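The following pair of complexes shares a single chain, subunit A, combined with subunit B in the former and subunit C in the latter.
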Partner chain A sequence: MTLLHIDNLRVGPGRSAPIVEELTLTVERGETVGLVGESGCGKSLTALSIMGLLPENLRVRQGRILLEGQEIQSLPQRKLRHLRGEKMGMIFQEPLTALNPVMTVGSQITEVLRTHRGLSANAARARALELLTLVKIPDAEARLNDYPHQMSGGMRQRVVIAIALACSPSLLIADEPTTALDVTVQAQILRLLKQLQQEENLGLLFITHDLGVVRQVADRIVVMYAGSVVEEGRVDAVLDAPRHPYTAGLIAARPQGSFAAGAPRLADIAGSVPAPEARPDGCVFRARCPRAQSRCEAERPALVRAPTGRATRCHFPLTEGVPA
Partner chain B sequence: MRGALSLLGRLARHPSGLIGMVLILAIVAMSALAGILYPDGPWTMAGPPRLWPGADPRFPLGTDTFGRDLIPALFYGARVSLLVGVSAAGAALVIGTVVGAIAGYWGGWVDDALMRLTDAFQTVPNFLLSIAIVGIIGASLPVITFAIAIVAWPMIARLVRADVLRLRTYDFVQSCKIIGMSDLRIVFQQILPNCLAPIIVTASVLVANSIIVEASLAFLGLGDPNVMSWGTVLNIGRQELRNGWYLTAVPAVALVLTVMSLNLIGDALNDVLNPRLKERK
Partner chain C sequence: MNPVLRTEALELHHATARGALRAVDGITLEIAKGETLGLVGESGCGKSTLARCIVGIQNPTGGTLSIEGVHPGTSRATRLERARNVQMIFQDPWGALNPRLSVERIITEPLQVAGIGTRAERRAAALAIAQKVGLSPYHLERLPHELSGGQRQRVSIARALVLNPNLLVCDEAVSALDVSVQAQVLNLLLDLQKELGLSYLFISHDLAVVRYIANRIAVMYLGRIVEIGPAEDVWIHRLHPYTQALINAIPDEAARQDDAPILEGDVPSPVNPPSGCPFRTRCPIARTECAESRPELRRVGTHEVACHFADAG
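Our next item is the complex of A and B:
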């Protein structure tokens, strides 16, 4: 059974334009899916919808979210709460605010275990120690009594991962887990996540705006633009031969890693993501698209899915006809 | 417990914290020893009336209009002042914290309703409301405590609400929700400990303020007639202001020292509990 299946999701405030629409996404057990897009395209909102933690003014307006075949929006609060703790874990962007500053690291981990597993204080502590060792925190025993401010950013993020893993969830959502960390620490955390994911056979939904990170960790990539999926497929296939002009633009906008004086300037995609209420009719990307034609104005392209799993939402995709 | 002890230690190393703590300890000692040193109580007529301080070595601070010694009055008064001050501040703290935390965390119409209530209390002049409550229900220590607490909680409520509003957007709160913690547990166990520093600082000022209000009420004749408080002496002194000002001055000095020591402690707490200020020196 598919671990996470999001079907035609639409999220938004009551009356005005939806922020996320026509979002379809699956994550299998043991698979890493990279969810990519610019700021404001609805990545984090998708994560919050899955967790059932949408802010009060936003709601799932349409579509379904299924976790192991069970629809989660229709669940009563109690059940949802239970499901979240048991089956899902989340890793946040800012390890500083993701931990409670006035509680020791140990008590924050044991808290989860005692709430969900009903472990005794000693058993919970033993498991906490095990978890800290699992996320490779040196001298874990002593670190249990540390407060978050006594740890470095990388350490804190490891603790956040340990908390997310405490109840052995089957789905892990990581919302830009390495954005706040510096590059060397980022590499360590990514390696750790990848390793844990393989060991525990987790489904990992990895939200980021960094294509390099996606290439390192993900099996499949889902590119979002202005609230909906524009391209989807295996990581190497999409990154090597993007079909949607937006994906191509994102790839071209990556720094090429040269500090030489004559190095080419960064390419950019002109314009910015339109606000939800300002999304045009037709293709939402057309205003920034070098390939836009009159058809793009008239008609919103559908997400066309090839049997290979590759999907593109474009009337005039690049490299047409070449099998992925 | 260990945290509280280390806090006291850090306070003692802070100059104004040290002075404040010594003063307040002296006042606590006065109230504790009142019964032992002056078993006859503060009401006995021990000597000639209207004796000025220093006139008779038996009564270093003099006697009042009925010949009651002022020193036991100060000792017993310390009890009442501290009792009313601490319990009124405590009550205000509990009400204010609960209201502020609920309003800040739940937001929406709950927040609106609670904050309008808070506004309503803040638009009425505090002292007048206290006078009205004591005047209507009658002067007794519980009523006076209630009258002081009921006007003091809105300040705390606003303070706590602002802090909770900020903290509830932190990821660790989301994290707690993911774990499946109930909202009540998140607010009171996870978020509130983060707002403790400003609450503690305000608490010391609140105690000082409550002591002043109690004395002011007593000065106006709205004190509990069955207990000797500093305000009671002030009230006696009020009628003698022109020929016996010492009667007002003696309890006033006690009040000033108490309130000052609490404010000094408040300042010191602010420095000690605020990590950013610690580095500035």
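Our next item is the complex of A and C:
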């Protein structure tokens, strides 16, 4: 059974101007799916929808979210609360705000175990120690008594990961988990996440704006633009030969080489992402797209899926880098 | 010709309860006219503090600094003179702009403070510089919250350029921007440099961006420069183990690198740095000698490196 199946999801403040629309996404056990896109594309709201943590003014307006076959988008908070932690855990971008500054690291981990598992204080502490060792925090026993501010950014993110994994969930959602970290610490955390994912056979939904990070961690990639999926496929296939002009633009916009040593000007994407209430008719990317034609204005392209699992939402996709 | 900027053994030490915090600990560097010096290093290495000392937001506690050959004083006149030579762009285009001022007021304010021109002349100057950075007269009437992140960063650049400075200090100036917009702003910075002969001190944690835009790269660790040289040379023939670790840690967009060696541990506290070489506690090639004496910058080929064994293997 598919671990996570999101089917035609629509999230927004009301009937009009949805922030996320027509979103279909699956994550299998043992698989890492990289969800990428620029700010405002709806990738974080997708994560919050799954966790049932949407802000009060936003709701799932349409579609279903299935976790191990069970519909969860309309569950009451009491039942969702049980699923969060037990079946799905989440890691956030900024570990300092994700942790409680006035509780020790140890008590933040044992709190989860005592609430969800009903463990005794001693048993919870023993398991907390196990978890800190699992996320490779040196001198774990002493660190249980530390407060978050006494730890470095990388160590704090390890604690957040330990809390997310406390009840052995099957799905882990990581929302920009390394964006706030230095590049050397990012490499440590990425390696840790990959290793834990394999050991625990986790389904991992990894949200990031960094294509380099996706290449390192993901099996499949899902590219979002202005609330919709525009391209999806095996990570190597998509990044080596993008079909959607937006994916191609994202890859080309990253600096390569040195300008002083002869590297070309950067291929920027003109304009910026439209706000949800200002999205154009037809293809949402057409105003910024170098390949747009009149059909792109008249008709919103559907996400066309090939038998290989490769999917593209474009009337005039690129084929092997050559115009079709 | 004088370099636009020269620092000599520049220091900024803070007194703390646990001893001196050596945020900037003896930085000697130069930036020539029309040149971009890229400054990289992990958070807490002192790169932003160095930037603030150069602009004059913080006062160094030791060493010397000269801008266009002149040591800046602290009187109002010399501070204004410095501001006309050196300006800064900050990381967060939300926090850097006064939310209650129109874009035109934001851009003309430096001229007003410096007492330059009549009101009409200042407006004309704002319009000219706005067009140069890709903003239209329409944008001048707006408030910052009505603009996108990329447009706000263009306003920051216009405000920094309106006094016609020689040196622009860019502290993580494109880090908060999305990739597609980041490319627009980097192209703009390159165009402006060519047109106006600007020098940049370009600080970023994104090494690919620094490699792209810089002529030379300086790598900082715990308040000191550990390697400095021509950008491509430092990138390709990186000698210091820290530079190597930093560049190896960048997630490659083109290929998976499952077995790349990873630098363990965190940056030590600048209050109580390790004896000898500050990097030795994380260094894969450290030997006993590294704990005993601190390596100074020495020339190896086209660049300088502060390591006892950088060219040994």
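List of remarks:
What we mean here is this: the second predicted complex is superposed on the first by the 307 of 324 C-alpha atoms of A that agree within 3 Å, B and C clash if a C-alpha of one lies under 4 Å from a C-alpha of the other, contacts with A are read in each partner's own complex, and residues count from 1 in each chain.
We take it that a residue touches a chain if its C-beta (ideal position, glycine included) is under 8 Å from a C-beta of that chain, and two chains touch if they have at least 3 such contacts.
Computed from a predicted structure; not experimentally measured.
With subunit A as the common reference for superposition, the partners subunit B and subunit C occupy compatible, non-clashing space.
In the superposition on chain A, contact is made by A:Q216 with subunit C only, not with subunit B. Once chain A of one complex is fitted onto chain A of the other, the partner contacts of A:A237 are absent, as it touches neither subunit B nor subunit C. In the superposed model, A:A253 makes contact with subunit C only, not with subunit B.
By the touch criterion stated above, A:M88 is placed in contact with subunit B alone, subunit C being left untouched. When the shared chain is aligned, no partner comes close enough to touch A:L54: not subunit B, not subunit C. When the two complexes are overlaid on their common chain A, residue A:A287 makes contact with neither subunit B nor subunit C. Contacts of A:L75 after superposition: neither subunit B nor subunit C is touched. In the superposed model, A:A187 makes contact with subunit C only, not with subunit B.
Set against each other, subunit B and subunit C touch different numbers of residues in subunit A, with C touching more. For the three-chain overlay built from the shared chain A, the minimum Cα spacing from subunit B to subunit C equals 7 Å.
On subunit A, the surface touched by subunit B in one complex and the surface touched by subunit C in the other have no residue in common. Across the complex, subunit A is touched by residues 107-108, 170-172, 174-181, 190, 193-194, 196 of subunit B. The part of subunit C that touches subunit A in the complex is made up of residues 36, 42-43, 148-151, 178-184, 186-187, 190, 205, 207-209, 211-215, 231-232, 235, 245-246, 249-257, 260, 262-264, 266-267. Residue ranges on subunit A touching subunit C, taken from their complex, read 38-39, 152-155, 182-188, 190-191, 209-213, 215-216, 239, 249-251, 253-261, 263, 265-270, 272-273, 288. For subunit A in complex with subunit B, the touching residues are 51, 53, 56, 81-82, 84-85, 88-90, 92-94, 97-103, 111-112, 115-116, 160, 163.
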